[in-house]
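Chains here go by letter, A, B, C and D, matching the order in which they are written, and residues are numbered from 1 within each.
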Amino acid sequence: MTGDAPLSVADVTRLAEDRLPKELWDYVSGGSGAETTLAANRAALDTVAVLPRVLGGFADASPATRLLGTDASLPLAVAPMAYQRLLHPDGELAVAEAAEIAGVPYVVSTLSSVRLEEIAKVGAATWFQLYWLRSRPLVEDLVARAEEAGCRALMVTVDVPIMGRRLRDLRNSFVLPDEVVAANLEEGSAGRAHELVDGGSAIAAHTAEAFAPNLGWADLEWLRTRTRLPLVVKGVLDPRDAARAVESGVDAVVVSNHGGRQLDGAAPSIDALPAVVDAVGGRCEVLLDSGIRSGTDILRALALGARGVLVGRPVLYGLAAGGVRGVGQVLSLLATELRDAMTLAGCADVAAARTVSTVRTVRAR
Amino acid sequence: MTGDAPLSVADVTRLAEDRLPKELWDYVSGGSGAETTLAANRAALDTVAVLPRVLGGFADASPATRLLGTDASLPLAVAPMAYQRLLHPDGELAVAEAAEIAGVPYVVSTLSSVRLEEIAKVGAATWFQLYWLRSRPLVEDLVARAEEAGCRALMVTVDVPIMGRRLRDLRNSFVLPDEVVAANLEEGSAGRAHELVDGGSAIAAHTAEAFAPNLGWADLEWLRTRTRLPLVVKGVLDPRDAARAVESGVDAVVVSNHGGRQLDGAAPSIDALPAVVDAVGGRCEVLLDSGIRSGTDILRALALGARGVLVGRPVLYGLAAGGVRGVGQVLSLLATELRDAMTLAGCADVAAARTVSTVRTVRAR
Amino acid sequence: MTGDAPLSVADVTRLAEDRLPKELWDYVSGGSGAETTLAANRAALDTVAVLPRVLGGFADASPATRLLGTDASLPLAVAPMAYQRLLHPDGELAVAEAAEIAGVPYVVSTLSSVRLEEIAKVGAATWFQLYWLRSRPLVEDLVARAEEAGCRALMVTVDVPIMGRRLRDLRNSFVLPDEVVAANLEEGSAGRAHELVDGGSAIAAHTAEAFAPNLGWADLEWLRTRTRLPLVVKGVLDPRDAARAVESGVDAVVVSNHGGRQLDGAAPSIDALPAVVDAVGGRCEVLLDSGIRSGTDILRALALGARGVLVGRPVLYGLAAGGVRGVGQVLSLLATELRDAMTLAGCADVAAARTVSTVRTVRAR
Amino acid sequence: MTGDAPLSVADVTRLAEDRLPKELWDYVSGGSGAETTLAANRAALDTVAVLPRVLGGFADASPATRLLGTDASLPLAVAPMAYQRLLHPDGELAVAEAAEIAGVPYVVSTLSSVRLEEIAKVGAATWFQLYWLRSRPLVEDLVARAEEAGCRALMVTVDVPIMGRRLRDLRNSFVLPDEVVAANLEEGSAGRAHELVDGGSAIAAHTAEAFAPNLGWADLEWLRTRTRLPLVVKGVLDPRDAARAVESGVDAVVVSNHGGRQLDGAAPSIDALPAVVDAVGGRCEVLLDSGIRSGTDILRALALGARGVLVGRPVLYGLAAGGVRGVGQVLSLLATELRDAMTLAGCADVAAARTVSTVRTVRAR
């Protein structure tokens, strides 16, 4: 990373935008459809106003916590994201190394561009994100590989029965470069995201071809019987689904709209969070992603009942801007901001942060 | 249609704006008065945020449905719109053909620029929209012609006792070109929209001269006794009127503010929808129009209780941009977007879409 | 008025802005302080969305009504405004003549630049607006003159204990030109708005010198015993004051923030209206002003319970743009717009307009 | 101050921005993080709309009041602000002199750049603001010095366990110039805000080094036993803390987010005020700061239950623009504006202002 050190995720974002070819910037930063949900994620977070507590009598707020039984230096895991070698030659290895240094879990994507076994060796607490393949033996194989590689949790993404329509990628005729492949999958399948499909998205076509569109609760319950790893369902917004997930034996749900990349018009995840927390009633952990860009955002999520957050795009921006060091700066910024925000909000620890009150205020800008 | 294929209705809209003379663009895209309602239709839709369902266990969402007893490939009909030959020489014939190919009903306007009998032959499921003429025999004649031509429903527009003040048309001194006439009406009457009236709108003057301004519930009930066709009332926003329409024997109401072209200051139809759905209590179908521009918008309407939507301007933009092929692209885009949105929202079919929850979120842009 | 005929009050406003010297434009169009209330009046009106009624079975909506026992062709009176000769040499005489032609009451300001007796002769239904002078004999004299001149109502302005701080006037060092005087008042007093006061507003200084700042309920009740004219209190926003006014025997209250010219930060009058209507409970008439710019705005006010509105600045813009003819165009536009809006909202008459429902919608622009 | 006399705080702000070096302008005007709270303070205040009372029968509104037993010509004290010699060579002495002339209390900051004893001699009612030093003897010493110097109240700031991240200062590498020191503190400590710390803020580092981060309720209660001065806690937003402060024996709480300079994402203080007023239930005084820029803003705070406000940045802008005279103009503007606003709202005195009703309106700009 050149020039002045970034002081916020916004700084890193600008660095990444400057550095990336337009089609990659669009692929990472864009959303689906009219990008209504992408914009609403930020607008909604900005109207969540915190009522800090004072005179708590503590010197150092500690953001350390446990997520799914894994120690984490802050209530944050790196979100699963495909093809990280698009942003930097070191790809997932750089991000996992930065996560390891920062002490936060790293979630390996099914579509990682480095094999999960190699990533798991880097040392971070590694979770494995599962896109459910059409072939059940392949699913079993992936789960077995994740367990064997020492992954500590299994996160099933449930909001991608198909890929959202991402118009920027379609306009850019975006395809994967040859050197970036879905390293966990057999080669024939992996190749498909590299060729333009008539009038459509290469990545969307690959998704449709490789992944099972008809995933159901029974599949999840089958998986529950097949692994002892903590099981997470990612992509829940309706409290009825959150309650059902608890009944299916999951250990956590992630309240998420996939960063505004799937259903355009889906609710901002921060708007959906409180009802999910209520429905779950403490029976499993509740995480949140989609729009988190600062320590204050993490505090907002905690205050509304989340146990932690996943952070996605900012990590990729850091990767683009400076490889392992860039990711480290992003995670370090978020850690500093969260510790400061907790201190300023009078929260000695994450449990205290979850008792902070909030009000909704008018949108200022 | 030249250049790249459009990826959204917004793309088609730009194509149409580029291609149309200003006065036609203004006539189609404009609204009445200060265009407050025109803008509010979009603003209100954008704040309806959907809570998708997950793990539904289905592979292909089916947007197929029945509207007023007519099979439709998606919960959409082409809204009745006057003088479609203004946009393209093929006019209504092109739009009806595209509707037929897409498998959605086409609503013939009383003010169509091609005779309803010719349009009905194109093959789409055809409904007839009735502007109530001052002469009752002429009304009876139109209804008889619609029945004879095989129209499958009768849609009475009730929000045009007079035409809304459309300032753009007045500024442009907009009149119909000679070759575009109200083909269903006798020639003397049809001619009137072609001459400037002192200080006023040619089309508004024609409306005032030709149509009965004092339409009442008794007229509707008389019509109910005269036809066995499903009867639809278009232009209802107040739940008291919706309930009254049910009591008058209608088969459907269309919650509509006429696309912001009649009462400026009227409520966005999406804001009015839930109370109408409640008032109707399942006793008739509820459709919605005014502002629908994407599959997500259709999902929003379904989630708030509509059985389907009418789409107007986007179809005319497609017609202007590329005739039958352009309209086809618009209908195909909406079908794709809706199928994708339903899949992403976990709705296997239209009935499921009507059980999705929504929240209102802050306006992001 | 040159060029094309104006199609809306916005058109007339632009004409006036083009024609007026900046200091006069600022004097008329400006508000007090940061002009927060001035802007909020419009923003609040724009979010009041009407639910039209349909199938009312009538041909011609009639906006004719009675206001304070005076016949009015529409539920509108010309608001009292000072020094109308600032805008046009004919001043109040032109406005009153246009009001007479339009069939609406004209409210003569205490600070009219033509003597009230001359204005009353023009023929419009004339009401007299009273600024309470420091000298009670002068008050009695003004009331007696108004009665003698045939004024049909007395409107006491209660929101000007002092003049609001109008920064534009202060920046422009705005003073009255020599030829414009407070014609109803004795000359010495009238002269005071023509000289700059150190660091202050000439008009504000005049107001402070001439008018009683300590007007109380007892004064109003004294006035009630002194005149048989209908008595109106103008400038009420709090429902407690509205109820008190009823108990003091008034015939009407005007819900008003003086067009955003007095307390900056005062509530938009449309926001305050419903609680005032409730508090009054039909015991007196409720009028509204501040921000009315279209027939739709009048309909909004009626729907929220007003019996009519006062219109101020648009009339002055018409006066500046074209004298009596310009005012006539404004009143004619508003009449046309209201009749159209009532027709489109299914309201045969003003009483029906008051039964229309509204919802608050999101701000679209 | 050159040129035309300022007519509003906005005018003075522009003068200050023109006159100050960018880094000083940024230091004074900026907030923490993304400056969300800084902007929200204004947005929230602008949506508080007042319902004025009328016909109160009084001539002159009197804003005079008592704050913490101190007479004040208006319900306002100058907020404690560090290092006022940054803005003008006369620094705190000029501001205190202007406060004395205006008849409002002046709150001396622990970090004043003139010794508190000298400031107290200027003659204004002086309160002392306490940042709790790491050394308890130093705290005792400061309190004793404040008492001895005749300070009439002790205001403990509780929202600075650490300093908020102020990105502008970090970008500007802002350090104190040599001639500006923390005059109340021993020299070694004071020096620290003059040197850049690696990658951080000089002032933040000084804060961290000098002040106790772990201040608790027990410390406050200890202080309560050590002084007879009225005790104020500044920086409370949560009503639970306000109630606890009452139980700890404080005489007032200041509802504040430190002008948007501490926790970015904290609630606008005006949004937090009503619940704090409720929780306190009249058992102590409630003051408010953060965003007050006009007499209307003061009225808004009173209407929502505050007994008075602290004003910060506007005073520094006045100091930068014109020393003692500039501060005097700001205080005089606010006094005039408040007296006018109270008069226009029908409030004869501060107690009446606290009975005025408010509504929340839509944001207009």
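Just so it is clear, contacts are C-beta pairs under 8 Å (C-beta built on N, C-alpha and C of every residue); 3 or more make two chains touch, one makes a residue touch a chain.
Worth saying up front: this structure is predicted, and the values here are computed from it rather than measured.
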Please state the rotation angle, between 0 and 180 degrees and to the nearest 5, that superposes the Cα atoms of chain B on chain C. 90
Farthest chain relative to chain B (centres taken as mean CA coordinates): D
CA centroid of chain A to CA centroid of chain D, Å: 41
Between chain D and chain B, distance of the C-alpha-averaged centres to the nearest whole Å: 58
Give the residues of chain A that touch two or more other chains, as numbers and ranges in rising order. 363
May I ask you to sort the chain touch graph into line, ring, star, complete or other? ring
All chain pairs that touch each other: A-B, A-D, B-C, C-D
For a test of understanding, state which residues of chain A touch chain D in their complex under the given definition. 4-5, 7-8, 10, 46, 48-60, 294, 296-297, 299-300, 336-337, 340-341, 343-346, 356-359, 361-365
Any idea which chain C residues touch chain D in the complex? 33-34, 36-37, 39-40, 42-44, 47, 158-159, 161-162, 164-165, 167, 170-171, 199, 213-220, 233, 235-238, 240-241, 244, 262-268, 271-272, 363
